[in-house]
């Protein structure tokens, strides 16, 4: 994987994710971004579950979301997830959430690679060297 | 602790717990029941966190909820949690959720005591022998 | 639709749905069952979103779940949803959640048909007469 | 209310909010910030529930969180919520989440005032004029 690696997933908005305004609650989006990262990693031939079993954790240390238009119950959305930066310890992603051609939200996250004791450790080679 | 041990906690309904009908979603209730169990255990002088640190897990194996009247955003509810049965490996609780004197829901759960590998193990002594 | 109508959906367990035991938290299951109902209704040619727009609400009044084996992060599960009873005002479903051939959980729900003011009303014809 | 208005609430981390890393999942925090806003508004003599009943909605249009240290199950946290900017239509808050003296996370949100049709509308007077 390398900066620019991108994947797209579909998300059906669940009823339980919607609030009294009738739209997806803003706290429903971060798990969607996490699904985007999970599938992007899987497309690279590795699963996050395997990484975690090896004691390699990726913790979100920064999250920014800009909500532009509401998503509604039962909407079928597409989420594009892209790696924007790969450092020694940190990895950054950017997200674009769409309903058809309509852009509903954009977001960015920074993840830090940790060991089981919560100490920073280098990203695994298949991630960090991929851009070279 | 023993069958009949009871505790009451207050719960303020969160906006994120409510759905497009404007009421608390039915999936919001099981975490409230879990809070009731946590505080009931704490009142006995132990915390579930400590139990888990010792490798003693309590897993929900059965849940039944009867929703009688809706709870709404910002409602201040009271939840009564009571131990109804203490076996060798399993513990049962019953719950009554109220807004003032109005009964909103009743529920029952069965928890099984497990070790870290997910195998059934006896309940810790302070729980199982308490009734004697 | 009629008693016996059945549908199967796939569910990928989300990281955010899992708890410190490393398994899907028991409160993650009711939204899955709701997804099963949503897709079963859609297969009948109607969407729950349309029903709700017409002022026909389906509220969960009873939920029972039996958790047999844990579901884990990233598991790909299959959920079978089946209508077991269709009354004048109420509809009952049964659920079987599997990972491959392994049965992880079974559940039952009862839903009541309500109008926008929360009063019981007859199920819409396409549901209630379907069995005739 | 005016820029600088501040309130502090206590939050007990729920088991269901924690993930397989054993810490509160990053998606658990935005509902806590919302609780902070709800209580800050209540302290001003109004409830968000009343506002919404009058057709005045406050929608999150931007969220940024910096996660510094993990929160764990059963931790008792304190959340300080502060208004940092009050415009014609938008209101900004800043948040500091602590466990004792330890700073666990900081965050900022921007909310836009909407009517029931989702159109921008001026903030209610008691909010927007409060700073004058």
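Should a chain be cited, it is by its letter among A, B, C and D, assigned in written order, with residues numbered from 1 in that chain.
Methods note: a residue touches a chain if its C-beta (ideal position, glycine included) is under 8 Å from a C-beta of that chain, and two chains touch if they have at least 3 such contacts.
This structure is a prediction, so every number in the text was calculated from the model and none was measured.
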Chain separated most widely from chain A, comparing mean CA positions: B
Of B-D and A-B, pair with higher C-beta contact tally: B-D
Chain centre separation (chain B, chain C; CA means) in Å: 23
Cα-centroid distance, chain A relative to chain B, in whole angstrom: 33
Averaged-CA centre spacing for the pair chain D and chain B, given as whole angstrom: 28
Where chain C touches two or more other chains at once, by residue number: 15-16, 20, 27, 30-31, 34, 52, 73
Of chain A, residues touching chain D in the complex: 20-21, 26-28, 30-31, 34, 52, 57, 59-68, 70, 118
Complex contacts: residues of chain A adjacent to chain B: 15-16, 18-22, 25, 27, 73
Interface residues, chain B side, partner chain D - complex: 12, 14-17, 30-31, 34-35, 38, 47-49, 52, 72-74
